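I have a structure here, written as C-alpha cells, and I will follow up with some questions on it.
For reference, chains read A, B, C, D and E in written order, and residue numbers begin at 1 within each chain.
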Amino acid sequence: MQTPILEVNGLKKYFDIRGGVFGRKVGEVKAVDDVSFTVMEGEILGIVGESGCGKSTTGKSILRLIEPTEGKVKFQDKDITELSDEEMRQLRRNMQIIFQDPYASLNPRHTVEKIISEPLLIHGLTDKNERKKRVTELLEIVGLSGYHASRYPHQFSGGQRQRVGIARALANNPKLLICDEPVSALDVSVQSQILNLMEELRDEFNLTYVFIAHDLSVVKHISDRIGVMYLGRMVELTEKNKLYDNPKHPYTKALLSAIPLPDPDIEKERMILEGDVPSPANPPSGCAFHTRCPLAMEVCKEVRPQFNEIEDNHFVACHLYE
Amino acid sequence: MNVEKKEKTSDPLEENSSQSRYMNDDEDVKPFSPWKDAFKQLRRNRFAVAGFIIIVFFILLGIFAPLLTPYPYDNVNLADRLVAPSSEYWLGTDDAGRDILTRIAYGARISLMVGFFAVTGALVFGTLLGVIAGYYGRWIDMLISRIFDILLAFPSILLAIAIVAIIGPSLENALIAIAIINIPIFGRLVRSRVISLREEEYIMAARAQGMKNGRILIHHILPNSVAPIIVQSTLSFGTAILEAAALGFLGLGAEPPDPEWGAMLAEARGFIQLAPWTLIAPGVSIMLVVLGFNLIGDGLRDALDPKMKN
Amino acid sequence: GDDDNSSNDGTNDNGSDNNDNEQDNASNDGGEEQVLIFARGGDSESLDPGSTTDGESSRITRQVLESLLEFDKESFEVKPALANDWKVSDDGLSYTFYLEEGVTFHDGSEFNADAVKTNFERWSDPDHEYSFSDDGYVYSMYGTMFGGFKGDDSHVIDEIKVVNDYEIEFVLKRPLGFFLQNMAMTYFAITSPQALEEYGAQINENPVGTGPFKFVSWSKDDAIVLEKFEDYRIDGLPKLDKVVFEVIPDNASRLISLRSGEIDIMDGLNPDDAAGVDEEEGLELYTRAENNFGYVGFNTQKAPLDQVEVRQAINHAIDRQAIADALYAGYAVPAKNPLPPSYAGYNDDVPEFEYDVEKAKDLLAEAGYEDGLEIELWTMPVARPYMPDPETVATIVQANLADAGIEVNIVREEWAPYLEKTLTGEQQMFMLGWSGTNGDPDYFLSSLLHGNNVGSSNRTFYENEEVDKLLDAAKVSVDQEERADLYSQAQALIAEDAPMVTLVHSTPVLATTSAVKNYVPHPSTSESLAEVELE
Amino acid sequence: MFAYTMRRLLMLIPVLIGMTLITFSIVHLIPGNPAQVILGETATAEAMQNLEESMGLNEPYAVQYFIYVQDLLQGDLGTSLRSKAEIAKEIWPYIAATFELTFFAMLFAIFIGVNAGIISAWKQNSWFDFLAMLFALIGVSMPVFWLALMEQWIFAQELSWFPATGRQDNRDPMEPITYFFVIDSILHMDFTRVITTLKHLVLPSIALGTIPMAIIARMTRSSMLEVMKSDYIRTVKAKGSGQFLVIYKHALKNAFIPVLTVIGLQTGVLLGGAILTETIFSWPGIGSYVYQAINYRDYPVIQSGILVVAFIFVIINLVVDLMYKFIDPRISY
Amino acid sequence: MPETILELNELHTHFFTDNGEIPAVDGVSLSVNKGEVVGIVGESGCGKSVTSLSIMQLIPQPPGKIVSGEINFKGENLANSSNKRMKQIRGNEISMIFQEPMTSLDPLFTIGNQLREAIQLHNKMSKKEASDRALDMLEMVGIPRPKEVLSEYPHQLSGGMRQRVMIAMAMSCDPEILIADEPTTALDVTIQAQILDLMKKLNQEKDTAIMLITHDLGVVAEICDRVVVMYSGQVVEEGTTREILKDPKHPYSQGLIKSLPKIHEREQKLYSIPGTVPKPKMGVKGCRFAQRCPMAFERCFQEDPELYPLENNRRSRCFLYDDAKREVTENANADIRS
C-alpha cells in the first residue's frame, strides 16, 4: 500500500572533542547513536525529544548537511550516503529542510525574491521572468503576496519569515521536507497559522515531512507517526495515537506526564523524573535512560536494549519488553 | 477542505492591510535594505558626520593643493626661512623656507594615498587569505593562520621597520610594509567572520538547496562579511596614516622633499622652540585625518555591525 | 577649587626643585663634588681608542687615556704630553721620544717605554697577543695613518726600540710628513698593558690609561661616568670630581635638558638655535673651529661631468653662502678648497666660484648644453657633521641647478650601498664630506683627490698626475713649510679642474650653562676636560 | 591548565620559527654588503673580506639560518657591529628600561582608561561620557611621537614640571642592581631617588600610554555597557545590591575579559611605540637601542632588538591568555 | 476578602527610542493577593517582562521610563520610592527570577558567593552564617550535592539546576512575592515539571505569593490560581484559571485557547487568529486587538475599551462587555463556540 520514501538505517553521528596538549581527539559527542526508521510517502513522521538529544543532527545528517559517521540513508531506494557531491547536489531539489530559527535562516542581505529564486536558479530555471512568476506563485501558496518579494527579511514578522522559508523549501517541488522545529520560535497564535499551512501544503503537493519538535502537543497534532528520542537514540516509535494512549517506554511515559496541559479539568498522574539528561559526550552504559528511569533494572545498566517492534508498528527500545 | 480554504483566505495578511494601523504589515512598506538602514543611521550620527566633513576637507585640500597657494611644495626659499604664520604664509614656513600650508595640502595627498593603497592592499590580500582559510579549513587554514600569528607576533610598527629594513626605505616600501602588517588584521577578521557565517543557518540552507561552494562564498558569505570589512578598512585607514607618519618620522618612509607629514615632523623636530608652527601643523593634520577616519569608522560600526563594537 | 589645587601642586613642585638645588649647592659650597654632565647625541662605540674611528668614543678616551703628544687646545699644533720631548733624525727616519717619569696608570701600574711599545705592536701586528683580532678588533686608523700593518710593504714603522724605560725610538722605513701629528691623535693613546692582560677583549669597556679621569661605569646609550684620577701627572688637575657623558639623541631634547639644568654641556646644537642660546641668560654658546667640509662630488669620468666646463658651471650655479646661512644659520663658511682654512697650506688665493647663474649657463652652452641637461644627484641617507641635513642640501642644490637649466634627479641609496656604489662609480653627482682627525692636510687632499685612492676614498675618480706628484712630495717631506707650499700648489690645480663643489666648512656649535668655565672646544671634537670647572 | 599551557607553548614554536625567519632576513636581504656598513667610508677591500668571513656571510642562506638559530638557542644574539659587544650581554639594561617604561605606561593607561571607561559607561550620555570619549578618540588619533614632543615642550621646557630626558639624575647616577631603576632606588633605600626616578617616568609614560589608555577606555566603556545589559547584572540588581557592588564586583570583572585582550595587544603597541618615545625622551631602552641601530645600520642589533621585543610580546600574550583562566572559570583547558 | 499585597494601577511604562516612543506597558492594572499564584500570559512582546521589571524598578533607563501609574506594595507606592528604598525591597520583600537560567547567574563567581551576596545584602550575617543559610536554601530547592555546588561555577551546572539556584537565591530572604518571568520557557519539559513542582511546593510551604509570567497556558493551568491575559501592553482579561481556560470572555483569549493544539482531543483543523501580534505603538486609537478580531465592529476601531468588570471579579477589555452591549456578547459567544 505505502511505499517508503526514506529509510534510515543505523545512522550515527559522532562529533570529535579535541583537547590536550596536541589538540588531538580526546573523545566524541555521540549526538546520534544508531537511529533507524522509515518514512512512508505522504506521511508525517514526528520526532520529539528533549534539547540536545540529537533531533537536529538526525535531520541534517539525513540531508548530508552534516556527514553521518555511519549508517545508511535511502531516499527513494537510493543510498544517498554513497552519492558524489554533485549527485547529492542534484538530489537536493527533492529533499528540503525548514529551520527552527526564522531569523537566522534567511540571508539578511537578500530580498525575499532573491532568497526564493535562488534554488530555482540552481536547479536550472534560468529564465528571469519565469523565476519571477514562480516566486510570486510560491509566495501566494504560503500565504504572502507578490509585493512582498522586494522586501528584506528584517521587514517581516517571525511567522512571515517562516512562510518565506517554507516557500524557499517548496521552490523545486521537493518530495521530502525535513522540518526542524519550524514553529517552536513562534507565538502560539502564529504557530497555529504555520501548522495549518503545513498541513495544507502536504495535502496539496503530496509532501512527506519529517517533523522535528520538542512540543509534544504540536507533534501530536501534525504527525501520523512519532518517534521519541533520548540522548541520541530512538527509544520509541509508533503511530501517534498509540503513543499517546499507550506509551510503552518509561521515558515516553514520563515525557507525556510532564507536559502541562491547558485544561484544569484533566487530573493526571504525574511522573516527575529525577535529575538531568546526561551528556552525550559521556552517555551512560547500557540503556541511556537508566540513570533516570524509575523502573530501571540491573540489566539496563549493562546491556543496550534493542529497538524492537514489540507490537504491530510499535517499536520500543526497552528491556521491559524483551 | 473548503473550510480550510476559507480560513486561509481570511488571513489578514492579504486582506485588511488597507486598514492596518500597525507597522508590521502594509503594502506601502518600502523595501529598504540593511544598507539603506545603516546609511540612515550613519547620517543621524553627528560624530560620523563630523568625521566625514574632516575627511572631505582634507580630500579637497589634496585635490586643490596646486590652486590653494602660489607656492610649489618643494620651493626652497632660503630668504623666508622659519617665518611665523602670517597673512603671506598662513601656516608659516619651514627651515627651507617652504610654505607649510602648501606642504600640508600636498601632504594630504600623500597621506590619503598611503592610507588608501595600504588599506586596499591589505584588504585584498587579507580578504583572500581569510576567505580561503575560513572556508576551506584544514591544513590550509592552519598554514594561513600560523602566518597571521607570526605577523601579529610583532608589534606592528616594529614589523614595518623590519620590512622596510629589508626592502629599503622609501614611501613605496613604507606603503608595502604597512599593507603587509595590516594583512593579518583583515585576514583574521574575514576568517572568523567566514567561520561563523559558515555555521549560520542560511548558509546551511543554501547548501541544502544544492548551492555550490563558490556561489555560497560569493553570494552569501562575502556580502555578509562586507560590513565588518568596511568598518575595519576605515579604522585601518587611520592607523595606516599613523604608521606611515611614524615611519616617515623615523626616516624610513617618505623622503624629503616629499611633504609627508611624518617626515615633515621629523625635519621640524629640531625647531620646536624656534618655530613651533613647523611641528604643530603636520601634527594636527595627522591627528585630524586619523580622527576623521576613526569617527567615521565608529559610526559605521554602530550602524553596520553593532556586534563588533569594541 | 580646581585652581587652588593646581597652584598647590605648583608650589609643591617648586619646593622639591628647590630642595634639589640646595643639595647641589651644598655640595658645591663644600667644594667637594664637582659633577659635570656632558650630553651628546649618540653613545660611544668603544672605549678602546685604537680600534675605533668614532668621534663619540674619542671624546671619552681623551679624558681617560693619553697619547705621547697632544694637540694644542684650539689647534692641531702638537705639544708634549706623555712624552715631554722628542727628537727627529735629519733624514726623518727616526723619532725618539723622552717619556714623562713617575706616571702611573689608573690601575697603579707604571707607565714606561715598554707600555708604549706594547700598544703600538698591538695595533700593528694582528697576531699580537693583545690584538684581539679574533674578537673583531680592527685598528683601521692605525692602518690609515701608518700606511698599513706589520708585514705590509707600505707600513711605515720599521722598528720600535725601547732605549730605556723612559726613552723610545721609532724607526721608519721612509719619511712620513705627519708622523708627529699622528702621535698626538687620541686614537694612539696608551692603554695600561696590565689592563690589556686583565680585561683581554673586554678592554673596550674598561679603558685604563693615564688621563685626568678614571673610568667608572658605562650604561649603554645612557651614561658613561668618569671620576677624578687623584694621581694625575699634572698637579691640581683635573678640577672636576666627576664627569658624566650622557646620551640624548634628540637635539631639541638636549637643549631642553640644558635649559632645565639637567646637563651642563651639550654638543650638537642646532645652528638655528644658536642665536637664541647666545642671548639667553644662563647659557653660553661655543663654536668649534671648522675641521671639515661637505661637498657635492662629480664622477669626473662619466659624461657629462667629464667636461670641466660642466663642472665649473655647476660650481657657479650653487649658492654656497645661502646654504651656509640657511642650513647652518651662519655657523659655516662657504668652502673654496677641499681643506679647512685653519690648516697649514690652505690656499687663500684660489679664486672662488662666485654664485652666478648666467655664467653657469654660458659655461653650459660652451660645453654644448645650451638646452640644459639632466643629472643624477646621489644623496647620502645619514647625517654627518659636515652635512647635518643632506636631504635639504640636496633639495637646495636641486633648486639652484634648476635655475641654471639643469634638471637634477635625486637618487637615494642605503648607506652601505651608497658607499659601495660611489666607489665603483655608478653615480654622476654625489654628496659626501670629510672630517679631519690629525690636523694634517694630507688626510684631506690625498685621501680625496689622489689618483692612487681611486677605488678607495677618491670617489670623484679625479686623477691629475701633477696633483699626485705634489701630494706625494708633501707626504714624505718633514719640512712643514715646504709641505705647506706643496699643498697650496695642489689646491690651485684642483680648483681649476673643479672635481667637486666644495660647499661649506661647518662650524659646530655647542652650548653650556654659564656655570661651566675654562671649557675650550677643540676642532677634533675631543677636548680634555681636565681644566674645566663648575662655578 | 598545565595541558593548555603546554599546548600554547607548543603552538609558539611555529610562531617563533617564523619570527626568526623574518629577523634573519633583515640582515641577509638588506641591499648591500653588511661588511661595508661596519667599515664605513674608509673600508679596504681586504678588511671587508676578513669581516665577511668572520661573519659567515659566504655560506649558503640555509646554513646561515641554521647557525643563526643554533646561536639563538644558545643565547647568542650576535655581535653589535658598532660596539663589537655581544648583544646578549649588553641588552639586559635596555630591556629593563623598556620594561619599566612600558609597565608604568600600561599602569597609567589601565588606571585612567579603565576608570574613565567605567564612569563613562555608568554615566552614559552624560557630559563626562561625551568628553571622555571625545578625548579617547583624539587619543587614538594622535601620533605618539608628536604627543611626546609637545609634552616635552610644554611640561619640561615651558613649565619645568618634569625632566625632559633620561631615567635618573645622572649627576649622581646610582649603582644599578636590577636595572629597574624604581626598584633599584628602593633597594638603595634612597627615598629622594625614588621620587626623581618616578619623575623621570612621568612624561614618557604618559606619551607612551595615551593611545592604549584611549583604547582601553573605549573598550571598557563598550564592554561595561554590554555587560550592564546582561541578564546576570539584572539578577544582581534584583537581589537588591547597590551600584557599587554591581559595577565594581560583577560588571567590572566580566567587562574586564575583553579589556584584558586589548591590554595584551596594546602591550605590543607600547613596545612598538617605545621606539619613538624612547628616542625623544632619551630613554635608554630597547627602542632607543633599535633606533640608534637603524641610524648606524647596525643590522645585528636591529635584528636582535626586534626579535627580543617580538618575543616579549608573544610571552605577554601568552600570559594574558593564561590569565583568562584566573578570571574566567568557564575557560576549561 | 484576601489581603492584597501588590497592586498595579494604570501603570504606563514607555521606551523612548530612536524610532519613537513605545508604550510597552500601556495602562496595566492588576493585583496579587497574599499567598496567591497569579499567572500573566500573553504573546511575545505584549509587555509582560516590562511590567514585572517596572515593579522592581529595573527597566533599563534610559530608554525606559515609568510614565505614570501606581505600584502599590503593601500600601507603599513603589513608583515613587527612592533608590535606597528599592534596594531594601529588592531581593528581600520582592524577589525575581528570570527566563534564562543560563545567563542569569554571573559566570565569574561561585554559586556560594552569589547566594551569600543575596543573603548578606539584607541580613546582618557573618560569612559563615550566610554560607550555612545558602546551603539550607540549596537543600530546600532540591539540589543534589549542595555542598559541592556552593563552590562551583554556574557553567558547571545544568539549566535546571541553575534555575533552582536562582529560586534559592530569590527565596533566601523569605520574600512576600516572587516574580517569575518565564522561569521554565528555556527548560525541557521534564525539567520544567520539576521546577513547577518546586514552585508549587514553595508557595504552599512558605505562603509566598508568586507572580508567574508565561506564554504557556499549560503552565498556567498547572499552578496558577488566577490569570491575567495581556495583549499589546494592556491587560485584556482577568479571572481565575479555570474560568479563563474554560470560559474565556475576551475574543483574544478565546482565540488563543482555541489555537492551541490539544493533546487529548482527536485531530482537527486548528483555529488560528489571523495576523500577527502587533508591536506596541503610540497614538493607537481603539481596541488593540480589533485588527485581528473576528467580531470587531465600528466602535472597536474608534474608542479605547476599558476593563469592564464581569461576575466573580472577572474583568475583560472588550466592548462586548460594556453593559450597553450585553446582548451582543451572548450572540458572539455563541458564534465563536460553534
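Descriptive notes on the structure:
The definition used in the following text is that a residue touches a chain if its C-beta (ideal position, glycine included) is under 8 Å from a C-beta of that chain, and two chains touch if they have at least 3 such contacts.
Note that the structure is predicted; figures quoted are calculated from it, not measured.
Counting C-beta pairs in contact across C-D and across D-E gives the higher total for C-D.
With centres defined by CA atoms alone, the chain at the far end from chain E is C. Taking the mean Cα position of each chain as its centre, C sits at the greatest distance from chain A.
Averaging Cα coordinates per chain places chain A and chain C 88 Å apart. Inter-chain spacing, taken between the CA centroids of chain D and chain E, is 54 Å. Between the Cα centres of chain A and chain E there is a gap of 32 Å. Chain B and chain C have Cα centroids separated by 49 Å.
Annotation for chain D: residues 30-31, 149, 152-153, 157, 291, 295 touch two or more other chains.
Looking at chain B, residues 4, 7, 11, 13, 24-25, 168, 251, 269, 272-273 sit in touch with two or more other chains. The set of chain A residues that touch two or more partner chains comprises 157, 160, 193, 196. Contact residues of chain C toward chain B in the complex are 250-252, 255-256, 270, 272-273, 276, 319, 322-323, 325-327, 381, 389, 391-392, 395-396, 399, 412, 414. Chain contact summary for the complex, chain E toward chain A: residues 43-44, 144, 158, 160-161, 188-194, 196-197, 215-222, 241-242, 245-246, 255-257, 259-264, 267, 269-274, 276-277. Those residues of chain D lying in contact with chain C across their complex are 30-34, 36-37, 39-44, 47, 51, 54, 79, 82-85, 90, 93-94, 97, 149, 152-153, 156-157, 160-161, 163-167, 169-173, 175-176, 192, 195-196, 279-282, 284, 288-289, 291-292, 295-297.
Chain contact summary for the complex, chain B toward chain A: residues 1, 4, 7-8, 11, 13-14, 24-25, 27, 29, 31-35, 37, 200-202, 204-212, 215, 219-220, 223-224.
Residue ranges of chain A in contact with chain E, taken from their complex: 50-51, 157-160, 187-193, 195-196, 199, 214, 216-218, 220-222, 244, 254-255, 257-266, 270, 272-273, 275-277.
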